[in-house]
Structures are given as C-alpha cells and as structure tokens.
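For reference, the structures are reproduced in the following blocks.
Okay, so chain A shows up in both of these, paired with chain B first and chain C after.
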Partner chain A sequence: MTGTELQMLLSGAWTTVWISAIAIVGGVPLGLVLGLGRVAGIPVLSQLLALYISIGRATPLVTLVLLLFVGLPVVGINIDAVTAGVLTLLLNTATFNAEIWRSVYQSFPRGQIEAAQAVGMQKGAIFRRIMLPQMSVAALPGLMNEATLLVKASPAIAVIGIVDLTRVTDRISARTYEPLPPIIAAGIIYMIIIAGMVRLQRVLEKRAAKWSA
Partner chain B sequence: MDWDLITNSILFNPAEWEIVLNEWPRFMRGFSNTLTLFAVSVVGAFLLGAVIVNLMASRNPSVRAAGRVYVDGMRMLPFLIFAYLLYYGLPSLGIRMSAWTAGLLGLILYHAAYVAEILRGAWSQLPAGQTEAARAMGFHGPQLFLRIVLPQLVLGSAPILGNQLIYMLKDTAFLMIITVQDLTYAANSVQSMYFVPLQPFIVAIGLYWISTLAIEGLVFLVGRFARKRGLGRA
Partner chain C sequence: MPDAVPALEARHISKTFGELEVLRDISLVVNPGDTISVLGPSGSGKSTMLRCLNFLETPDRGQVLLAGEPVGRRADGRLVSDKELAKSRARMGMVFQSFNLWPHFTVLQNVIEAPTKVLGLSKDEAVARAEGLLAKVGLADKRDVYPFALSGGQKQRVAIARALCMKPDVLLFDEPTSALDPELVGEVLAVMRDLAKEGMTMVVVTHEMGFARDVCDEVVFMDRGVVVEHAPPAEFFGNPKTERAQRFLSRYA
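Moving on, here comes the complex of A and B:
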C-alpha cells in the first residue's frame, strides 16, 4: 500500500469513528427516555415503546439501514446515505441502552427516594440530583459495552455505499489488486479503536468507584 | 412526513403487497438459508467454544495464552471485517471458498470466541471443591468436563448464551454483503426488482423478530429448568 492508500484507509477509519460517536452520544440519552417511558406505565405509549424495543433489538442493522435508506424517501423524507447510517445506528443502540437504563432504574433502592421525599425534595430534583447520578454510575459498564458492540456492528452501513473502515478496503483493493493488506490493516485499526474504548471504560469505572465511595 | 401517503398509497397498497405475496417463495428460500446458517453456526460455535474454553483452562501456559489471544482478538473485531478476510482476503493466499462456506466458517470461528468467553465466566463461578470431588469419584479428562462441568456452564449461563444466539442470528444478515442469499438478500432483491421499497424489509424484520421471540422463549424454558436444578442466577 502506498501513501494514497494509507490516507484512504485513515479517512475510512475517521468515517467509522465519527458516525459511531454521534450514534453513541445520542443513543445514551435517547435510551434513557425510551427506557423510562417504557416503565412509566403510561397507557398505550409504554406498550408501544416495549414493542419498539423488542423489534429494534431483533432487527439486523443491515436490514434496518436498507429499510431507512430505500424506504424513507418514498414516504416523503429525503435522506442521504450518511444520515441514514447515523439514524440506523442511533435507533438501534437506543433500544439496547433503553434496557440497560430500565434495569438500573428498577434496581434503584426505593429507601433513598423515600428519604429524599421526607426531607421535602420535589420529584424532578430527586430524579436529577439523587437518582440520575447513581443510575449513571450503575449503567456505565453496560452502556460502554453496548458502545463497543455498536462500533463492531457499524460496518453494516457499508451496504448503502458509505465508505467506512470496512468498505474502504474494497476501494483500496480495486486500485492495488491486493485485498489482503488493506483488510488486515483495517482489522488492526478496529482492534485499536475497541481496545481504546475498553481502556476508557476501565478508567471511567475506576473514577466512578472513587466518586461513589 | 406525509402520513396520507404512507397509509393510503404505500403500506396498504394492495398491488405492492401482492408483489410481496407473489415473491413469497423467494422470501422463504432466504429465510430458510438464514435459519440454516444460524443453526449450523450455533452448533459449530458451541462445540468449538467448548474446546477453546478448555484451552483457556489448560495447565500449559502457552496453550492458555493461545486461547486468550484467539478469544480477545475475535472480540475486538467486527464480524464483517472477519468475513471479508475469509472471503476476499484469503484467495490471495490461494485459499478459495464460496461465499456460503466463508460465511458459515466465519460465523462459527467468530462466535466460538464469544461462547468460550461466556463459558469461562460461568466456569469461574463454579466451586473448585466440586471438580476435586468429581476427581475423587473417578471422573477425569473429557468425561469430567462433559458430564460434570459443561452442563452446569450451559444451564448457569443460559440467559447470556441466549443473547449471544440473538447476535448470531442478526450477524447472518451481514453475509448478504458478501453475496450470501439470506433473508435480507431476498428482501433487497424483491425491493430492487419491483421497486417496492418498504414492504420487503418490513416482512424480513417481522421474520427476524419472530425468530428472536422463539429463541427468547426457549432460553426462558431452559432458565426455568436450570433454576429448578438450583443452577443459574434467578
């Protein structure tokens, strides 16, 4: 591989990183809203959310990205490939995050809420200042784990022509007629990205443990 | 979003659903390919995973390290790039496989690492005294693993193994990118042949969903059985 091909590879890696990053950053709060909405016991809405989460978790990303990219323009929403890719990853990761937030919420010790009510705290303040910080610490390992799963599932968006770190290997081998080196190089870059995320997870968990001690 | 357009002319357009209905055999071929890939790779990944977890528990440190490197390496790779390696990369080394063989082999080799890691986690929860007791009763080698250890690992980690099964089912869809004719491939070809963009994928997602519910139901039954035997986390 020459300099140009290395540059192509890095730009593919950058595409994978920034698309995944947007989906991860957006998917955490969206998952919180979906997860809380599901357990809120609001008639119809809670059931619809449960159905959405169940179907979302069962849908392969390749199928979903095709549905959004080919299907949305027909219902009057014009969407380019990159937006469809981001939206796919976001909608998918949010359903998994919703389940993580839900389980953390349901195992939150009720005594703390009662104690906060006893000292006169309002509902919103209890959630923001008592529950959310502790729920975030408890949800951290699950959310980070889901984030690495998202990066590993992100090559699905290559099917609609986004030149990510996987798809770029096709482009490079079309120039060099040697598919093996770019595929191996892309694999190594993926490993570096995932290893970095796992390390970040350990650092964050250590900090969170110090904070809650 | 134009709701009238969605409800009147697209989702409930009888002509478009008729196309889907006429192409039903194509969907069923794709679905049965997806289920075949899934079933074979579940069995293969489970058997290979059980071998790898033994490597990771070996007394020989270099065997142990090899098992670790394999498992950690796979767990840091996306499935699709591994499938690319087998299908597009290996021919450079003179190893040529059909898309189907490469895809199936990829699913087995990749998910065996995840299965091995799940089994290892469950194994570390087993009391060491139990294995010692089994040895004292004359169990050893493969018999000790297959009759005493493995059943407990499977029952004890049923929910996590069940999640892995769902990932395996969903990973089969990646294989359409390397031209395997699975369910998503079938939906996409109906879409591009007749330009009915929504219905084929809705049908495909429905079939994936039903399969996932079936897997979850099965895992629930296994989990209940496990709890009856005093295994697994409630």
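Moving on, here comes the complex of A and C:
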C-alpha cells in the first residue's frame, strides 16, 4: 500500500469513528428517554415505545439504513447517505440502550428513593441527584458493550455508499489488486478503536469505584 | 395538656394491599416532645402504619395531621400535589431499618443534600449544621467517608443525622436497630435516648423492649392491623390488659 492508500484507509477509519461516535453520544441519552418512557406507564406512549424498541432491536442495520435512505424520500423527506447512516446507527443503538437503562432503573434500590422522598425531595431531584448518577455507573458496562457492538456492526451502512473503514478496503484493493493487506490493516484499526473504548470504560469505572467499592 | 395541638395525629387510618386488610381504623396521637413506641408481632402492620404517616404508603381512608395540618390528603379527601406532600415530608424525618444512605454521596453529602436542595440552606450553613450533628452522633471524623466504609451502627447514626439536619418536627423510626449486629445496637439506641431526652417528638417501631420501657412516654401495641393496647410503658409492661399483649410480652420476658 502506498501513501495514498494509507490515507484512504485512515479516511475510512475516521468516517467509522465519527459516525459511530455521533450515534453513541446521541443513542445513550435517547435510550434513557425511550427506556424510561417505556416503563412510565403513560397510556399509548409507553406501549408505542415498547413496540418501537422491539422492532428496533429486531431490524437488521442493513434493512434499517435502506428503509431510511430509500423510504424517506418516498414520503418527501430528502436525506443524504451520511445522515441516513448516522440516523440508522443512532436509532438502532438507542433501542438496545433503552433496555439497558430500563433494567438499571427497575433494579434501583427502592429504599434509597424512599429515603429521598422522606426528606422532602421531589421526583425530578430524586432522579437527577440520587438515581441517575448511580444508574449511569450500573449501566456503563452494558452501554459500553453495546457501543462496541455498534462499531463492529457499523459496516452495514456501507450498503448505501458510505465509505467507512470496511468499505474502503474494497476501494484500496481495487487499486492494488492485493485484498489482504487493507483488510488486515482495517482489522487492526477496529481493534485499536475498541481498545480505546474499553480504556475509556476503565477510566470511568475507576472514578465511580471510590464509592462503590 | 388537653388543649395542645398534637405534633402528629392519625385518625382512622385503613389500608389494604389487594385482599389483605393490613390496617384497620388506626388512630394515634403524638404530643409534642413525646416518644411513642409501637410494638407488635411481625406482620402486624407497624411498618405500614408508620409509612402511612408520611404517605410513603397512601392510606385508603383516614387522615394524618401534622401539627393540626392535613398531610397527603386535603379535608375533602383529594390527594395533595407532589410538591405539597414533599413539604409535609420535609417536616417529618424517617429512619429506616436498612439505613438507606445514598452510597454515591459521602457522609457529609448525605446529611446536607436535603437541607440544601429542599430547604434551600446555603452550603456553608448546611455544612455547619451537619458537622454539629455528626459530632453529636459521634461521627465527626467520618464526614468525608463513603457509606460502604461504615459499620451498620455508624450508617444508622448517619441516617439519624441526615433526618435531624432537616430540623424535623417529628422523627419516625422503623425498627432502626433490627438490621444491626447485637454489639452495635447500643450506640444507635444511645443516640435515640438522647434525642428523646432533648424533647424530640418520635414514633419508634421497635423490638427493643428496654428502650420502650425506659425511654418512651407511651406504648402502642398493634396486632393484625389494629391498635390493641395503648398505655404508658409502666402500665403496658406491668399490667398488659389483653391476652394478645400478654402473649407477645411473654416472648420477650
């Protein structure tokens, strides 16, 4: 591989990183909203969210991205490939995150909430001050696991022409007629990305460990 | 003091869980400065009764009055807003069997959280108040420690300081020593004894007969969701009137 090809590879890697990053950064809070909305017992809305979450979890990324990219223009919403790709990953990861948030929410110790109610704290303050900090720590391993799965599943969005770290290997071997080196290089870059995420998780866990020891 | 407004009063409280009638027409009067102990076999509804006083459980029927003002429900029977209920609760401290400290906060943070966020005290005022209380419960040196590093007895004393830091009109205790190793019970009871002596108004659900006998102004004996006896401790322990109370006491003789 020459310098140009290396540059192509890095550009593909960058595409994978930033598209995944937006999906993860957006998908974590969206998952929280979906997960809490699902268990809030709001008539119709909670049922709709439950339905959306099961459909979202069951739909392959390739199907979802085609649906958005091909389907939205049909109903008059124009969408470019990158937006469709980001949206696909975000909507998909949010449904998995919703289940993670829901489970840590539902297993939150009742007694701590009652102690907060007993001193006169109201719902919003109890959620923000007491529940969310602890829920975040409890959810972190699950969220991080989902985030790494998302990065690994992200090549699905190449189907609509986005040149990510996987797709770019095709482009490179079309020039070099040597498919193996770019694939190996891409594999190593995926490993580096995932390793970085695991490192981040360790750092965050360490910060919480001072009280959860 | 026939004319004084009770610090806390429950009138004809009833509560069912599904088919189970847990409280039947419970009434209770707690005069300012009094310590009431609530005794009774396990499952008799003591916790539920206590939790109805600050509406952690919503009673099906009946009224709760804090210094004469309705708690949780207005005179017309409608439930009050969350905000209004929170205001009433802020005036009633509660200490739980399982401490229920917030593990992500240090001891000091546990104690100042509600005073700053609910009462609107400045951080400095709240810290000053909290430090005084932590000294009082013998935990001044633990202020920056997280709860996991405390013994059960220490946790419960922090929980008491947390409740006291709101300067409540009434303190509710639900078996505060039942989760403790026997050698740690004394340190918590000592704090409660001091509070009673200082004139704190308290309702204490307990199995500590010594505490009920020596510290309390009145004993309420519950069985199967009703108040069976209601008497000064000397009378209750010396001369229980009902067979149920006699049977209960014989197990602690």
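By definition in this document, the second predicted complex is superposed on the first by the 210 of 213 C-alpha atoms of A that agree within 3 Å, B and C clash if a C-alpha of one lies under 4 Å from a C-alpha of the other, contacts with A are read in each partner's own complex, and residues count from 1 in each chain.
Following the convention adopted for this analysis, contacts are C-beta pairs under 8 Å (C-beta built on N, C-alpha and C of every residue); 3 or more make two chains touch, one makes a residue touch a chain.
As the structure is a computational prediction, the values presented were derived from the model and not from experiment.
In the superposed model, A:44 lies in contact with neither chain B nor chain C. Contacts of A:54 after superposition: chain B is touched, whereas chain C is not reached. Contacts of A:173 after superposition on the shared chain: chain B is touched, whereas chain C is not. In the overlay built on the shared chain, the residue A:62 is in contact with chain B alone; chain C does not reach it.
When the two structures are aligned on the shared chain, A:134 is found in touch with chain C, with no touch to chain B. When the shared chain is aligned, chain C comes close enough to touch A:120, but chain B does not.
In the superposed model, A:152 makes contact with chain B only, not with chain C.
Chain A has more of its residues touched by B than by the other of chain B and chain C.
Judged by the touch definition given at the top, the superposed model places A:75 against chain B, while chain C stays out of reach. The part of chain C that touches chain A in the complex is made up of residues 54, 56, 82-83, 86-94, 96, 98, 100-106, 113-114, 117-118, 146-149, 159, 162-163, 166.
Listed in rising order, the residues of chain A touching chain B in the complex are 54-55, 57-64, 66-67, 70-71, 73-77, 151-156, 158-159, 165-166, 169-170, 173, 178-180, 183-184, 186-187, 190-191, 194-195. Across the complex, chain A meets chain C through its residues 109, 111-112, 114-123, 125, 129-130, 133-134, 137, 208, 210-213.
Residues of chain B that touch chain A in their complex: 1-2, 5-6, 10, 73, 75-82, 84-85, 88-93, 166, 169-174, 176-177, 183-184, 187-188, 191, 197-198, 201-202, 204-205, 208-209, 211-213.
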